[in-house]
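Consider the two complexes below, in which chain A is the common component and chain B and chain C are the respective partners.
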Partner chain A sequence: MDLARTFELVGFGPDGWGAILLAGTATTLAAAFCGLLLSFVLGALGASAKVAGGPAARAAAETYTTILRGVPELLVIFLFYFGSSSVLGAIAALFQYQGFIALPGFLAGVLAIGVVEGAVMVEVLRGAFLAVKPGEIEAAKACGMNTFLRFRRIIAPLTLRHALPGIGNVWIGLLKGSSLLSATGVAELMRQTQVAAGSTRLPFDFYVAAGAIYIVITVSSGVVFQLAERHYSRGVARP
Partner chain B sequence: MNLEFIGQTLVTLLAGIPITLELAALAIAGGALLGFAIALMRLSQHPFLYVSAWLYVQIIRSTPLLVLLFLIYYGLGQFSALRSSFLWPVLKQAYWCAVIALVINGSAFAAEIFRGGLLSVGRKEVEAARACGMSGILLYRRIVFPLAIRQALPAYSNEMVAMVKATSLASLVTLMDVTGIAASIASSTYQPIPVFVAAGAIYLLINTLLTRAVRALEYRLTPHLRPAQYATASAVTEAGVTPT
Partner chain C sequence: MTTAVRLQNIHKRFGALEVLRGITLEAQEGEVLSLLGSSGSGKSTLLRCINMLEIPNDGDVWVAGEAVKFRAGRQGQSRTVDTAQIDRLRSRIGMVFQSFNLWPHLTILENVIEAPIHVLKRPRSECIQEARDLLERVGIGDKAQYYPAHLSGGQQQRAAIARALAMHPNLMLFDEPTSALDPELVGGVLRVIRSLAEEGRTMLVVTHEMAFARDVSSRVIFLHKGEVEADGPPEDVFTNSSSPHFQQFLGREARTE
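Now for the complex of A and B:
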């Protein structure tokens, strides 16, 4: 592996693949971010069902987390991507439409990784809520806050503070999971790397470069999460 | 979607179970061994060993397994020296590339778990063992390892489940494991939903059995945490996971 050649290849020169890899990186980040939003919504729903829901809601949340944590992410991505085409195709057939129809790969992929990591997020948020001390909630009640105000002012901020490290792990999981979207043809970092590796016949150089980009993203998001943790814990005495 | 098709699919998918289980077993065993060595390196006093093990863990944990797998499977063929070496008969096979990638990936996560386990062994236990005259290997074999394994086992069972799930990536380098067979049936029958649901059920079953087995092992290994003979099994598991 010739380092000068590698740098030229992944750089932004005339023979460089830098712009394409950068576009792939942007897609990876976008997919992971959309997945984070979805997983947060699912996680909040699942956690509230587990903590405060009735027996049916609790059973549903329990089934969701058990199944999604025991099934490979790749299968879920395949299910959403290929499954969406058979569902949408059946619906389209009702309207006399015969052509091929499917969710775009990006959307199906984001739904898949969001649903998978949502199962992790349920446990993260549930654990974080349980770490809120009962006394803090009682104090809010004693001050006369109603349920909504109590949730907005006391429970949500405290839960999020406790959940921050876990959310960081979910984010890393989404970043790494988004690499699997390459299997359904989404033009994210891994897919672009495969294209570059194939057309230059230098797979080693490009997979090392892709690995380096993933490391840069994870390390820098680790730093961001650490700073956020410090910021939101500034009112808390360190043990 | 009919039951006959699902039944047929399940039977076809069964053919992929041996390779999935083989990959998982090799990954879990190899990941544990390599991870253990790396955990010991991280805990050593020697700065070179410590730093290189730390770097290894950080790098492997921040890159997706797919990058590592493709780097080994597609990337290594770039070097003609390697292609003519004695290693090539192994490295040209997708199966061994998948095993190597899974072992490397798993070892980084295992190393952190084992490090936590080794650090949890109390100073007093080690001192007591030294006072009894144990040293070196005997101390580790009799005192440190048994205590560390008990501590690390629950966390390692999560890692084992992750490895079983990770074996599905082997289908992306042409291996016909459960996921690979499912993808090929789905594309030839145009019925993706029942096929992938059936494949998911197989993984779920494997992981459930695996978790049960590890929990049973944990129960066997921690008789001192069981309150009394007449306690119910569920109460004991609760006690087993409570940090003491």
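Now for the complex of A and C:
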């Protein structure tokens, strides 16, 4: 492997694939971030159902986490992408339309990885909530805080501080899971790397470069999460 | 005199265990009641029934002349009916817990101003000024910017007392306020509680501190197995109580002191 050649290939020169890889990286980040938002919403709903919901809500949350944690992400992506196409196709057929329609690959992919990692997030947030000392919530009740105020001022910040390490793991999972969006043709980092590797016939250079990009993203998000943890753990005595 | 709290025939069960078996009790404004009893006698549960941290299975609770609304649910657990009423009553009842229960993500000052600002909706600057005075009063004026974890147990408990006082409560509940403290820290916290009693505040104190019960309270209530066995001024109860259980209890407490 010729390092100078590799740098030229992944650079921004006339023969470089830099701009394309960069665009792929942006798509990867966007997909992972949208997935994080979705998984957080699903996680919060599922965790509150498990912690405080009635029997029906608890059973629904339990079913969701059991199933979605037990199937491969790729399967869920295909299910959303091709599954949506058969549903949408059937609807379109009613209107005499014969072509292929599906959810856009990006949307189907984000929904899929968000739903899968949401199942993990349910457990992350549930565990974090259970780590909040009941007495601290009782103290909030005892001074007359209503349910909403208690949640906003006491329960949410305390839960979040316990949840941060777990949320960091979910984020890494989403970043890597977003590579599966390449299977439906979304032009994220993995897909763009495949294209570059294929058309230059230099797979080694490009896959190493893509690996390096993933490492840069995960390491720098690790730093961000560490700073956030430090911020939210202020006041915690460290042994 | 007006009645601050009235409990009428309170029953509380945890599963098959009946913790309170028909307790009737009244506290007038300005009274300091010490609730005594061995562990498992139901004294903490009784205290928690007043601000509905535990909801009785039967009986009636009045706070400041207002009947607290609750009723038994389908599976036997009770629930409150009017959460707005409960929140409003709770905002006027200060509670101090055995394990302090300060909010660990807030500084001591923020702990004290939290409820006055967000529950009573008072102006922040006014709350801060008052909180500083309260912290000064309980002897930790220099700890306002510390987080709870960086304070000793005694300091945390004094901060918790300041947090309760900041709500201008009509009634203060103390649930074994010194039981979680190292012996050398107990005195400072008791001094603060005693000074509150001397101001004429209405207080119910669950305690194992016999000297405190004898010297500070205006009435002593002794609970045994979920029932009131003795109720009267400390000099009567401590010297003349006919309850054999109370004499046994005193003997045990004297040995552990």
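Heads up, the rule we're going with is that the second predicted complex is superposed on the first by the 237 of 239 C-alpha atoms of A that agree within 3 Å, B and C clash if a C-alpha of one lies under 4 Å from a C-alpha of the other, contacts with A are read in each partner's own complex, and residues count from 1 in each chain.
Heads up, the rule we're going with is that contacts are C-beta pairs under 8 Å (C-beta built on N, C-alpha and C of every residue); 3 or more make two chains touch, one makes a residue touch a chain.
Treat the numbers as computed from the prediction; the structure is a model and nothing was measured.
Q: Put the two structures on top of each other at chain A: do chain B and chain C fit, or clash?
A: fit
Q: Take the Cα centre of chain A as the vertex and report the angle out to the centres of chain B and chain C, nearest 10 degrees.
A: 100
Q: With both structures fitted on chain A, tell me whether chain B or chain C touches more of chain A's residues.
A: After superposition, B is the partner touching more of chain A.
Q: Figure out whether A:I154 sits in contact with chain B (first) or chain C (second), or with both, or with neither.
A: Touch status of A:I154: second partner only.
Q: For A:G235, decide between first (touching chain B), second (touching chain C), both and neither.
A: Only chain C is touched by A:G235; chain B is not.
Q: After lining up the shared chain so the two structures overlap, which partner does A:P14 touch, if you call chain B first and chain C second: first, second, both or neither?
A: neither
Q: Quick check for you: in the superposed arrangement, does A:K141 touch first (chain B), second (chain C), both or neither?
A: After superposing on A, A:K141 lies in contact with chain C but is clear of chain B.
Q: Quick one: is A:P72 in contact with chain B, with chain C, with both, or with neither? Answer first, second, both or neither.
A: A:P72: touches chain B, not chain C.
Q: Touching A:K133 in the superposition: chain B (first), chain C (second), both, neither?
A: Second partner only.
Q: Could you state the shortest Cα distance, in Å, between chain B and chain C after the structures are superposed?
A: 20
Q: Please name which positions on chain A make contact with chain B in the complex.
A: 1, 66-67, 69-76, 78-79, 82-83, 85-87, 172, 175-177, 179-180, 182-183, 190, 193-194, 197, 201-205, 207-208, 210-211, 214-215, 218-219
Q: Inside the complex, what are the residues of chain C that reach chain A?
A: For this pair, the touching residues of chain C are 51, 53, 83-84, 87-95, 97, 99, 101-107, 114-115, 118-119, 147-150, 160, 163-164, 167.
Q: If we count contacts the way the header does, which residues on chain A are in touch with chain C in the complex?
A: It comes out as residues 133, 135-136, 138-147, 149, 153-154, 157-158, 161, 232, 234-237.
Q: Of all residues in chain B, which touch chain A in the complex?
A: My answer: residues 58-59, 61-68, 70-71, 74-79, 161, 165-169, 171-172, 179, 182-183, 186-187, 190-193, 196-197, 199-200, 203-204, 207-208.
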